[in-house]
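In what comes next, chain A is part of two complexes: it sits with chain B in the first one and with chain C in the second one.
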Partner chain A sequence: MRRLLVGLTAGSVLAAVTACGSSDPGGKDTAGSSGKATTVKVGIVPVLDVAPVYLGEKQGFYSDRGLELELVPAQGGAAIVPAVMSGQFQFGFSNTTSLLVARSKNVPVKAVANGAASTGRSGADFAAITVGKGSPLTSAKQLEGKKAAVNTLNNICDTSIRESVRKDGGDPSKVEFVEMPFDRMPAALDGGQVDAACTPEPALATVKAAGGKEIASNFHDVSPDLTVAMYFTSEQFAGENPELVKKFQEATAESLKYADSHPEEVRQILSTYTKIPATLLEKLTLPRYPAGPDRPSIERLAELGERDGLFEKAPDLDELLP
Partner chain B sequence: MGVPPGRVTSRAWVRALLRLVFALALPAVLVAVWWAASAGSTNVYWPPLRTVFGVFPDVWTGERLRGDVLPSVLRLAAGYTAAAVAGVALGTVIGSWRAVRALCEPVLEFLRAVPPPVLVPVIMLFAGIGDTMKIAVIASGCVWPVLLNTVEGVRAVDPVLADTARSYGITGVARLRQVVLRSASPQIFAGLRQALSIGIILMVISEMFAASNGLGFTVVQFQRGFAIPDMWTGILLLGLLGFLLSVLFGLAERRVLGWYHGLRESGRRSP
Partner chain C sequence: MRGSDAALGAAGCAVFVLLGEAVPRLGLVDEDHFPPAGRIAVALGSELSDTAFWSALGDTLTGWALGLAIAVSAGVVAGVVISVTPYLREVTASTIEFLRPIPSVALIPLAVLLYGTELRSVLLLVVYAAFWQVLIQVLYGVRDVDPVAEETARSYGLGAWARIRHVLWPTALPYVMTGVRLAAAVALILAVTAELVIGAPGLGARIAVAQTSQAVPEMYALIVVTGVLGLLVNVGARAVERRALAWHQSVRGEVAV
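== the complex of A and B ==
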């Protein structure tokens, strides 16, 4: 998630590549048959949510199945979705709302594995609505008429904040949303440029360290088991490489399970691919990494998306989910 | 000076018509090629041009023109004007005195080399996230071509002309207006023209940060929402806006620099 939420854009160059019908440069032929490892490129955003894949790679869950992972850090979904669609990456990582929006606009994305989920504990989730030090705001309802920072408008952050406000008895249409990257939110709260912010870790820990407080667990408010992000591929690739997709699914499920039961190792691996300071690492609230997506929570997210006008008609979840 | 207005001959009409044909021929061909090449496209990111044209009126309604295009254009106007005023003023000062020039040049070259988009986070710190920030971003990028061209233009004032003016007792504001700025104006306008295209680019970029309206903002929103045909209409509109502004600029330049173009024209005619 994180900067992946920053959005899903598409370049015309990539479009042209897709137009040529290029399939997979990752090589499907060697999968399983020759015993040689198949390299799969996975577009990720280097944040907490993707720790299980790094961990699984280290534990050999992928190589055991003949897959060699090439994790390609991307700025965000801006690059990942078109890259997966054009076959440059075989898999990508994206937040659930973006996938729902893509599917509703007939972009043939197909979720293949779970990513990360809400911790299921209100007030102790890996993301929260936070306010700066000394802010008079104490509950979601008070966001009426206030400015809230989200990393991407019309996405999972504002949809979930609206839900928090609604659950608290407020009118979500009165909240003003402003777009800015997560890492800039703590400073914006401090400087009073915004009144509240949608902050997942490590921005959440940064805000708290600076004296800020959380006033609601917005992901938890959508559903305690909210599937926040998933790995996906293109429908075309899934259709042509069912074996490879199955191996990736199994390996990822094993990685998620491992990560869920080894939080200390998750923290350790975070220091290898992020620049989160060691002092902050211990304070981070980790997401949960369930092996599979939670369908009811995704249905709820789709309902909210429809309600907030992210899409006119909620997409068919059978088409999207594995 | 120049051709007196009203003496438009039929030859001039033919020339104008021919220019129009020339101006429109290539765009027409390109649109036709695009239309034909994309007609059967099923690719999400590369919709048929027919579809793009089809959604255009639905996307760019009066409400959106007021809510997104107008704020963008106003910010561009504000930032560009600020850059033009500051650029010409500073440029005149720097260009007029050798010592000031020697003092400023290294710093100017340094500042000019810093691309304004990387300054956005910094500008955000002191200008906040509102319109001020966006105007500051536009101005900070547009000012350089104006400034540097003004410096060069002011430096290049014909010394004979300057001496003559001095001997006639033309000093102060009159000298500045009639001699310095007038003789530097062709270069100032060259700078202003360069700044115009930079301004449009920065208008879009500034609206990609912490914005809630504007053309750049809307196009990015369409991209993220996978509303790809809508996104293309935004790109087309940006292109049209750029074209329109350059036409307006051309008209303004023709008026202000009429004497100069006339001079060059007559210079060309009489060997």
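== the complex of A and C ==
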């Protein structure tokens, strides 16, 4: 009994010591120190869109500029935005609508680099509205009165699906949206819980492999060159570390350019940080990785967001964009 | 007796695995969404040969063990201090009942804000969930102290510490052990959940990556691993309980049968 008590006490002391010692936040001793590499933590979502930073890290685009990337996979913006705002991460990855919503709520996010964009080809985009095998639906207009799955309500998926329906001559207010994670959508389509789903890769390839079909390219319908996601930081960090942010921007732009011209290497790097099965990997439609964000497409997305009531007040794009 | 128990347990597992194989094969659920046990086993094999898997397992166990150690020591100390101080008991009673039912998962945004996606945010959730299990058991345990024994100890001139050591602690220990056993399981659940939702490194984060990658067999393989971990944690906690309470009639009685 005494041994147990001693053991517990020793364990707790050890725990307290290691808990304090193990995790110094990275990137504290930053700001332009000469020679030594600066570690920056980037919160990412382990999907196709972030392949360029992995590739750029491998190619040395960041280390050439004295940046050592620490890519931290997180589960979506809910975890990334607060971590960037509190300085746990120096940069983060987020879809454009989420950044617009954050900005409209006066969360001081500042986009610094482009993430990924629509392919510019309708019917061959990296995300699409899909229906399950044998579904009678063939066009966006027919979604009236039907259930469509989106990963987050009041975000880029439902805004873009509404635009697809509108462009097809339908009434978007008649579509019912259901929230579920992307990875559950193929099963939900098969099981008939939803009639259609907003599926980016690899869910898109999974749905197609199971006999499902695309009925519209919702991102393309917003704008052929839609900037779907970007890397961002906090206004405070950008103000205090202009040099570092500039280096990150340059390195990311170079990485994006490299990824855009080396699709085979993108597929290869995907197998290192995702677990996408090899059979799906070849079938994926990759997004485009333009070096900079496409402002007109973001304006369009903001307009649509405003129309759908996503914002309390219109976001100021000059404040958001680099 | 023990042999036949083990055999029954193994038979139960075998039936479960067979069901897992048969249900998708018979087409009751789609193979793409729920792969047969055989395919899960193959995926499990390739996981086990991956060093990244072992470091993820290490991360999860670290979060679990540290969180459990902190929660148990804090729970025992707080429980004893609260119980032996009458005012403190009155002051804390309603606060404890208010805080206890708050699901740890609801604290995720706070954890991320404070600690990002690091081990410390996992610890926050694990400790919060496991602490109450221990604390409540300690409070109940202390309440169970025999007043005659307590008075006897007093009249023999035992000091506060000696009474805690010789009267209160032996009475509370069976309760504490129950608390530890419950906390061990809860801590594991929360460690994996925190990794899954926040993305802190560990088995949970690996499950999340497999999910977003549509790697269904790998996902179930990792879920099987967490299940096995839970089983081991339970067996381990029972073993500790049996050793620590070897003198207690509940355990002595168990052995005699």
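Note that the second predicted complex is superposed on the first by the 288 of 322 C-alpha atoms of A that agree within 3 Å, B and C clash if a C-alpha of one lies under 4 Å from a C-alpha of the other, contacts with A are read in each partner's own complex, and residues count from 1 in each chain.
Please note the rule applied: contacts are C-beta pairs under 8 Å (C-beta built on N, C-alpha and C of every residue); 3 or more make two chains touch, one makes a residue touch a chain.
Keep in mind that what you see is a predicted model, and the values were worked out from it rather than measured.
When both complexes are overlaid on chain A, the residue A:82 reaches chain B and chain C alike. When the two complexes are overlaid on their common chain A, residue A:61 makes contact with neither chain B nor chain C. Contacts of A:203 after superposition on the shared chain: chain C is touched, whereas chain B is not.
Contact with chain C, but none with chain B, is seen for A:47 once the two complexes are overlaid on the shared chain.
Looking at the shared chain after the overlay, A:280 reaches chain C, while chain B stays out of its contact range. In the superposition on chain A, contact of A:102 is made with chain B only, not with chain C. Judged by the touch definition given at the top, the superposed model places A:289 against neither chain B nor chain C. Shared-chain residue A:258: touches no atom of chain B or chain C. Taken together, the two complexes place residues 8-9, 11-12, 14-16, 18-19, 78, 82, 85, 187 of chain A in contact with chain B and also with chain C. Interface residues of chain A, counted against chain C in their complex, comprise 1, 4, 8-9, 11-12, 14-16, 18-19, 22-23, 25, 41, 43, 45-47, 72-75, 78-79, 82-83, 85-86, 88-89, 181-183, 186-187, 190, 202-203, 205-206, 210, 273-277, 280.
Within the complex formed with chain A, the chain B residues making contact are 41, 43-46, 121, 124-125, 128-129, 209-212, 220-221, 223-228, 231.
By the touch rule above, chain C contacts chain A in their complex via residues 30, 32-33, 66, 69-70, 72-74, 76, 108-109, 112-120, 123, 169-170, 173, 196-199, 205, 208-215, 218, 244. Against chain B, in their complex, chain A makes its touches with residues 7-12, 14-16, 18-19, 77-78, 82, 85, 98, 101-102, 104-108, 149, 152-155, 176-180, 184, 187-188, 191, 193-194, 310.
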